[in-house]
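Multiple structures follow.
You will see chain A twice below: alongside chain B first, and alongside chain C after that.
Moving on, here comes the complex of A and B:
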């Protein structure tokens, strides 16, 4: 049996169920709106979105792995490419590009030119500190943590704040080797 | 089969190679060594408590994996025996066979381990294990009431896995 070849983002995107993108965009908008009402502080909303994204990411990774046939994520460079080309395509319908690698190969940027979450969105003056898409950074962080990569994910550029693209910086803090989980038998 | 989203699980299950009822036990572990699911169909002999049994199985896989990676003649960069590896690093085994049973094993990069113990004459079960992983994603991971890292208590998953494994060759 030949080992299964990882599938392309387009192939997976074509085979999974999708929802209407306006429904998706408006539902996400309603969630953010409700969080702002409930939590009042924009900082708190950012935190909450990140946490929600993290909880999604730790589950999403299994669906991603099952459907994409990706069998190993050891190399961070390769992993970043796969997230940008396959992961984003599979779940958001857009692809990102990977740039701005630092010399050690531990920090890079994911550039999103198109982002379905922000159709119809304008930030009012009272919400200038809001990272509207902070859920995405949480998803990336959560998913990577499940494949043993501790990362820090931050927004460098945001189209809602007047930049020309979305830029998500992913910084690899450490890779955690698999350890024997039990203590010595008692 | 009808699923929550109304879609079929892809890939569709591989065709059984012989008429079923070959399976002895199925284990699913997460990366922390928690046994998420244990099922048995035919296991006349039991000598250990279930907790000890799960630990022993997990320990066997863990050690065997590091041994197989250590013995790999094709790779130059390997650590000393027992040095922890990153998931997906090094090679791994997918089954072993004794004169009385066959153990098939798969591990996802997220550390989910699926182990199926069957009759020694069973053929290649790699596709079947992958299919069980897909079932796990559809019925367990996507179930909002399931909290990751806990024992699986999803009736739908249990019955589907049960049916599928009973039909395996």
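Moving on, here comes the complex of A and C:
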């Protein structure tokens, strides 16, 4: 039997229900604003955004795997490609590109030119240390952890801080073998 | 480390073009984000009223910005001055842009002069949310109520806006009604305008 053909990001995006990205952008802005008012420390806000992203990523990966029909990725390179081309397209409607592979193939950068989270956004002087899109790094980290990859995700370039693209560095720390909770014969 | 001299952005955000507003994200992305908003607020409050208020405040900020954006883009910077005008603006334009369809109905309250109701069979934000029994009458539509309040307040029609579940015969999930109660000055002004 032929394996299910993985669908392209565009095809999946066309088939899911969609909402206006401005509602999404404004809601995210409201969340960040609430966090800044409550927590006041920029570092705390970064951490909280990452945690929220982690919670989302953990659930998002299920939907991703269900809708996209991707087969098991052979190595981290393929994983990164799939995240950039299918994952981002499916949820955010934009594609990312993968660059800057290191020699061992464990670190790469996801480049986002278009980011619906930051439409209409400007960072004020008081919040210069804020990683506004930190929720994305949490999402990637959470999603990969659910498929047994422990990663470290950091922002290298940020358009809100004057760079020309968003660059997210994903570093594979280790691959955790799947542990089955059931012993044999029990 | 961000250098002090680099605080100016690449290009002033006010110079960037607004865009047509046709870009979309997946519904699940929004649903995940909204669920995180609710979960985060749940950790910050002790009771339901506080939670509703925080969701409403979040929505208020969204509403204020939506009004600015839509007035400029859809209506060519014309300002609504009449009550029915702003209500139909919310019911059709705002709802169409935010949720992809016009609201199901707009009604005038029968008991009070200052009450109007916008009803929706299934609010987009409530689609993936289930309320546990012990939270009683809590409605995540408080976020949408906040959006409406933000639009009305910034358009010069101060009002108290709340979201309620209204059970409907023959339907498993109740309908959501956004109840708008205008301030006294709005009605007086409306009467003066004739």
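One rule holds in what follows: the second predicted complex is superposed on the first by the 178 of 186 C-alpha atoms of A that agree within 3 Å, B and C clash if a C-alpha of one lies under 4 Å from a C-alpha of the other, contacts with A are read in each partner's own complex, and residues count from 1 in each chain.
In the analysis below, a residue touches a chain if its C-beta (ideal position, glycine included) is under 8 Å from a C-beta of that chain, and two chains touch if they have at least 3 such contacts.
Keep in mind the model is a prediction, meaning the values are calculated, not measured.
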item	value
A:17 touches, of chain B and chain C: first, second, both or neither?	both
First, second, both or neither for A:105, with chain B first and chain C second	neither
Partner chain in contact with A:58 - chain B first, chain C second, else both or neither	first
Touching partner for A:74 - first (chain B), second (chain C), both, neither	first
First (chain B), second (chain C), both or neither touched by A:128	second
Chain B versus chain C as contact partner of A:182, first or second or both or neither	first
Of chain B and chain C, the chain that contacts the larger number of chain A residues	C
Touched partner set for A:66, first chain B, second chain C, both or neither	first
Chain B and chain C contact sites that coincide on chain A, given as residue numbers	16-17, 59, 63
Interface residues, chain C side, partner chain A - complex	2, 6-10, 13, 19, 21, 23-30, 32-34, 36-37, 39-41, 44, 54, 57-59, 61-62, 65-66, 69, 97-100, 124
Footprint of chain B on chain A - complex, ascending	1, 4, 15-17, 58-59, 61-63, 65-67, 70-74, 146-148, 175-182, 185
Chain A partner contacts - residues on chain B that touch it in the complex	5-7, 10, 31-33, 55, 58-59, 62, 83-89, 108-112, 124, 126-127, 130, 133-134, 136-137, 141-142, 148
Residues of chain A that touch chain C when the two form their complex	13, 16-24, 26-31, 33-35, 38, 48, 52, 55-56, 59-60, 63, 90-93, 116, 119-123, 125, 128-129, 135, 159-164
